[in-house]
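The structure under discussion appears below in the form of structure tokens.
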Amino acid sequence: MAGSTFGTLFRVTTWGESHGGGIGCVVDGCPAGLELSEEDIQKYLDRRKPGQSRYTTGRSEADRVRILSGVFEGKTEGTPISLLVENTDQRSKDYSNLKNLYRPGHADFGFDEKYGLRDYRGGGRSSGRETIGRVAAGAIAAKALSQLGIRLRAYVKAIGGIECDPARYDEEYLKTSPLQMPDPDADKKAREYLNGCIRDLDSSGGVIECVIDGMPAGVGEPVFDKLDALFGQALFSIGAVKAVEVGDGVLAAAARGHENNDQYAEEPETGKPVKMTNHAGGILGGMTDGSQVIVRAYFKPTPSIAREQRALGSDGHVHTMTITGRHDPVIVPRAAVVVECMCAVTVFDLLLRGMTSKMENLEKIYP
Amino acid sequence: MAGSTFGTLFRVTTWGESHGGGIGCVVDGCPAGLELSEEDIQKYLDRRKPGQSRYTTGRSEADRVRILSGVFEGKTEGTPISLLVENTDQRSKDYSNLKNLYRPGHADFGFDEKYGLRDYRGGGRSSGRETIGRVAAGAIAAKALSQLGIRLRAYVKAIGGIECDPARYDEEYLKTSPLQMPDPDADKKAREYLNGCIRDLDSSGGVIECVIDGMPAGVGEPVFDKLDALFGQALFSIGAVKAVEVGDGVLAAAARGHENNDQYAEEPETGKPVKMTNHAGGILGGMTDGSQVIVRAYFKPTPSIAREQRALGSDGHVHTMTITGRHDPVIVPRAAVVVECMCAVTVFDLLLRGMTSKMENLEKIYP
Amino acid sequence: MAGSTFGTLFRVTTWGESHGGGIGCVVDGCPAGLELSEEDIQKYLDRRKPGQSRYTTGRSEADRVRILSGVFEGKTEGTPISLLVENTDQRSKDYSNLKNLYRPGHADFGFDEKYGLRDYRGGGRSSGRETIGRVAAGAIAAKALSQLGIRLRAYVKAIGGIECDPARYDEEYLKTSPLQMPDPDADKKAREYLNGCIRDLDSSGGVIECVIDGMPAGVGEPVFDKLDALFGQALFSIGAVKAVEVGDGVLAAAARGHENNDQYAEEPETGKPVKMTNHAGGILGGMTDGSQVIVRAYFKPTPSIAREQRALGSDGHVHTMTITGRHDPVIVPRAAVVVECMCAVTVFDLLLRGMTSKMENLEKIYP
Amino acid sequence: MAGSTFGTLFRVTTWGESHGGGIGCVVDGCPAGLELSEEDIQKYLDRRKPGQSRYTTGRSEADRVRILSGVFEGKTEGTPISLLVENTDQRSKDYSNLKNLYRPGHADFGFDEKYGLRDYRGGGRSSGRETIGRVAAGAIAAKALSQLGIRLRAYVKAIGGIECDPARYDEEYLKTSPLQMPDPDADKKAREYLNGCIRDLDSSGGVIECVIDGMPAGVGEPVFDKLDALFGQALFSIGAVKAVEVGDGVLAAAARGHENNDQYAEEPETGKPVKMTNHAGGILGGMTDGSQVIVRAYFKPTPSIAREQRALGSDGHVHTMTITGRHDPVIVPRAAVVVECMCAVTVFDLLLRGMTSKMENLEKIYP
């Protein structure tokens, strides 16, 4: 599984299973001189912490992060930053009945086929806890980006079929919304919908949107490492994501050219050119065009539901199974920060790569 | 732009602009002993060739591929395969008026910002001709996959809002359909729709679906290099793709867990376990589950339209511009083979990587 | 410093400074199903532990390794193996006088120039303690290799000018030799030589040889990732290495073709072909030829000596300085296991990569 | 053989066999805005061209390079630069007798074992002609470096046992020396020595030294991607190299610390600090220290000699063979430019990587 590393220059390697000594990551390639404390990272981890509302798992973990290396006298050194969160609230017994059954909607069967064995405790490497490493790394990227005037915000765009109305976007409301929805109306309806799911021993999917402001133009490499291509990898690499879109996304495929192209106009007073629309979501040919970047990830419903299901067993037969234990009826409220952090890592890596795009940049660094 | 390489073990590096000496790629890491001729590759290139119908550009190019290295006595040697298609039908003058204007929906502005200069002839590196290298490489991957019993098929799922009905899928019809739609009804309606677009000096988007049969279970790496994550990168890296989805994709976000989970049943006669549905599109936790893999790419309408548009100029002012030259009113019929080939490259690379997943595999190779 | 990762498929990422929370590594890509315990790794770490004789530093650290992830029920899972050794014996005060002085023979000046700051405590990232991560990773690779019948042995070939005579190679003696020299005579002379160095407040360089038995032919990739090329990177990446050679190495440059070529003969009784010499050190064109692999690393003398030296200061002036603290008068006895482990990682990674060299191998894994 | 690419940001992918359509490379990641013509590259290729003296092969090839992409109006575009040299002087028949015999000192046996087949014509991928791609890429790197004030010079340091005396270094003489030796005396003796080799149907090894002036301090990444580590990979990846050393290299292992450390003094008039010696060869801890960089590669004698040799056959028996055809009695005069070019590629890639080492550099590029 040499596939636990993401990024070319800002390289994030995550490790850890839901059960075991802990979860963590190594961030190699963070530029030196960035002020960084454990608290900077903890703030992001707290946003994905379980146990925040009745809509997320009852598992309660402190999830305190330790910086083991790479920071000296409060600043990054340019050396690998090793981050560790110890696993504390482990109840292995919850999972023992899963040893010989492949849960519907989970990767259990694939693990057994690929590796010949499987850590059946809590999803092992496919556990949602793996995202702790991503969030910790993303917190660092986001802090570096903020110093360059780049700001990311991810929130829940939809749960089930209930969608936020952009016109009702309320940043203050978002701060306390347990569902991480910025539209109070949608939030209320979504809570009712989720209560129904819980009642029915069922779960719900949802959509997360991330918008990025302050991006310079030209970020992204024009062929395989387009900004949107790496968003595609970054977001699909989050468990449960089944679709990713940029700007108008799916809708663009049904549009006509004259509708979808973003045209320019000059502002009446200043004469400054402005894009009149942003169907492209700020990305053209894989590079930013200087406007707001908009990307969305579609999450399937939590596959672990308390209903009886018919599942494949390692004996080659089909069995009836019931999944017990603590599971989120909807994952998107906790996943918003994961999406934001993966976007931060993606953008920061491409910003670093973009520094070498022209000879005149070299002359600024090596005068 | 060190971003022209895709893959870890089966590595494809594309090069070339629409104008210049040619277009090509180097495929490094193809296993030795695969029978390979120029004709094997040409067949795929012919599927993306322009000039096949009134719905695609009138540019006519032979696009004959030459194998410059890596094949000896009709078989791959295990060494890099260098593939070259020379550019022949170049009319640079068509593009001279674009030097100082940034076309709406194109990457022109990003190029200038990033590199300080730009090949304004026909999109330069962002030209659709860049996909020639991808198709050539994909033809090799697809041939290798076919020897392992894996078959890929990509076709046009929708144009504008007109969608193929899976119940009317007609593989014979598809072979001659200029729009690459397997449903004759949808194909007919889409042609009418496109005639309207052409009349209106407009263009249309569309959707391409790729299905893959014969996949073993366990293909894909469980964290950042999930099969769907690399599909995400591979497909978003094709110019004009604005969304990618796997299985139910976008719809999964509005579903409930009990609807979206794929359950199993035993076949009455044989007792063989079968998945009763395939909402997952054959991928769970980033790995194949042994069933059919289904992935879709959503393409925006061709941005080059003959209508007058208001565009940013390199002088910082907004100008009215009209794009002349030869452009496809819809790109998806020619892009189907590109999607298929990028999927083939992605799958083959992950199959190679998966060979090292367990010690018992090593013992088979190094007894 | 995105350069803390080594390997393509068996990927080792080390992290940690001599002072800080600890030292460790993440090994991604180890095949599943390898039996692995902390003790397997500890045995190797103990070979590089300080405080074993008067010829190595008095720093005494337990250097106990913990496996934080990737092992389940005593076997590797195929997921990243995170290894942690906590720093325990830190006396930061020893180093405070080095804040503004660049020690001769050390990288201090380079760090300040490159990163704008520097962890001046004990060499920071350039500390010999960084090799803990390499040894821990190498222990895993070596264990996997041993299951394929491949065995590595590294020992001290020379200290100062005193060289071991291959004719006196004594494997039993080597096990207890504090200098890790397999020739008892040379070992005795080297001890006398080192006593002189210690008396003179000076230090000595030395040579480490690693021989590898049981290698199949064809390991190594023929162009940039030749086995010897990756040995070159692996061994030069160990601090203090100033030269690397394979087989006859430096001497080959003064030889003639008929002397340097290894010819074959048939064994009189069996008719089996055998190489009559091994000037090539088992590598031709970057690939193994099936015979013993021989590689050597030349280490400079420990730069930290107690003598007064004239060094550059961060104020741009030259200052007289005396380095105190605990330092090895010769590093090679402790570095032998580091060389062995870097060779193990290099070889195992290339063995994994070589599995994909031909189509018939794929058919063995995906029948 | 996914191992034909070198570099992280300035990425060179070579392709081609000695027989086939041609030889070339793709350079991805060259910054935009560098003036570049085919003549810039041709100058370097001409330095490795065969047929320049009686000491090199009689094969005569024009070896004219074509730039197929990546250059627009005389400047690099930031897109991949594809370079092609067609094979013209091919006499395949020369090699037909080698189909079933493994030449001593060549990789023939390894190829057959690894790939199950082998291009037996002229060494295939292991041919010296593979270095054409390296030289072409290196010419670009060297031109970019020269704009930053960095200059590389490689020359023959020794042939057989005959070594140049640094005190007699004559840059003018070097320009016309067919042996590429800068010391006229050594050059004369070496010619006599080579005449003896030719008479004896034998060949000679030699040593190439590359010195680099104008390097800023801090170039190189401190752990696995040290400047010397990547020199190690780069130079060992040239066929026939059996040892690589930096600065005092092999001799450092026999020195004492106080001899080997480079101390500083202040220049009497200016007070400027200067290193009094350069035993380190300009590299400490894998990073430049701002002084001259010195690296050496040791080449074995050309293995193709006209003498009768006893070789392994593909039938498992030992056969007497005589190699005919055109071969260099010594390779180092033609290899000097290859060493220089590999050093240029290595240095330029690390310079690009180093741009991201600290936050203040980002602020210069993204103000």
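Letters A, B, C and D mark the chains as written, and numbering starts fresh at 1 in each.
Operating definition for what follows: a contact is a pair of C-beta atoms (placed from the backbone, for glycine too) under 8 Å apart; a residue touches a chain by one contact, two chains touch by 3 or more.
No experiment lies behind these values; they were computed from the predicted model shown.
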Statement: Quick note, more Cb pairs in contact for A-C or B-C? It is A-C
Chain at maximum distance from subunit B, centres defined as averaged CA atoms: C
- prompt: Centre to centre, by mean C-alpha position, how many angstrom separate subunit A and subunit B?
  reply: 25
Message: Between subunit A and subunit C, what distance separates the C-alpha centroids? Give it in angstrom.
response: 38
- prompt: Distance-wise, how many Å sit between the C-alpha centres of subunit B and subunit C, to the nearest whole number?
  reply: 45
Query: Of all residues in subunit C, which are in touch with two or more distinct other chains?
result: 1-5, 8-9, 14, 29, 32-33, 78-79, 114-116, 125, 216, 222, 353-354, 356-358, 360
Task: Quick one: which bits of subunit C touch subunit D in the complex? Just the residue numbers, please.
output: 1-6, 8, 14, 104-107, 109-111, 113-116, 125-126, 130, 158, 160-161, 197, 200, 202-207, 216-226, 228-237, 239, 241-250, 252-266, 271, 273, 276, 279-281, 284-290, 298-305, 307, 309-312, 316-318, 353-354, 356-358, 360
- line: Within the complex, subunit D is touched by subunit B residues 1-5, 7-11, 13-17, 20-24, 26, 28-29, 32-33, 66-70, 72-73, 75, 77-82, 84, 114-119, 124-125
Task: Provide the residue numbers of subunit D that touch subunit A in the complex, in ascending order.
output: 8-9, 29, 31-34, 78-79, 144, 147-148, 216, 222, 351-366
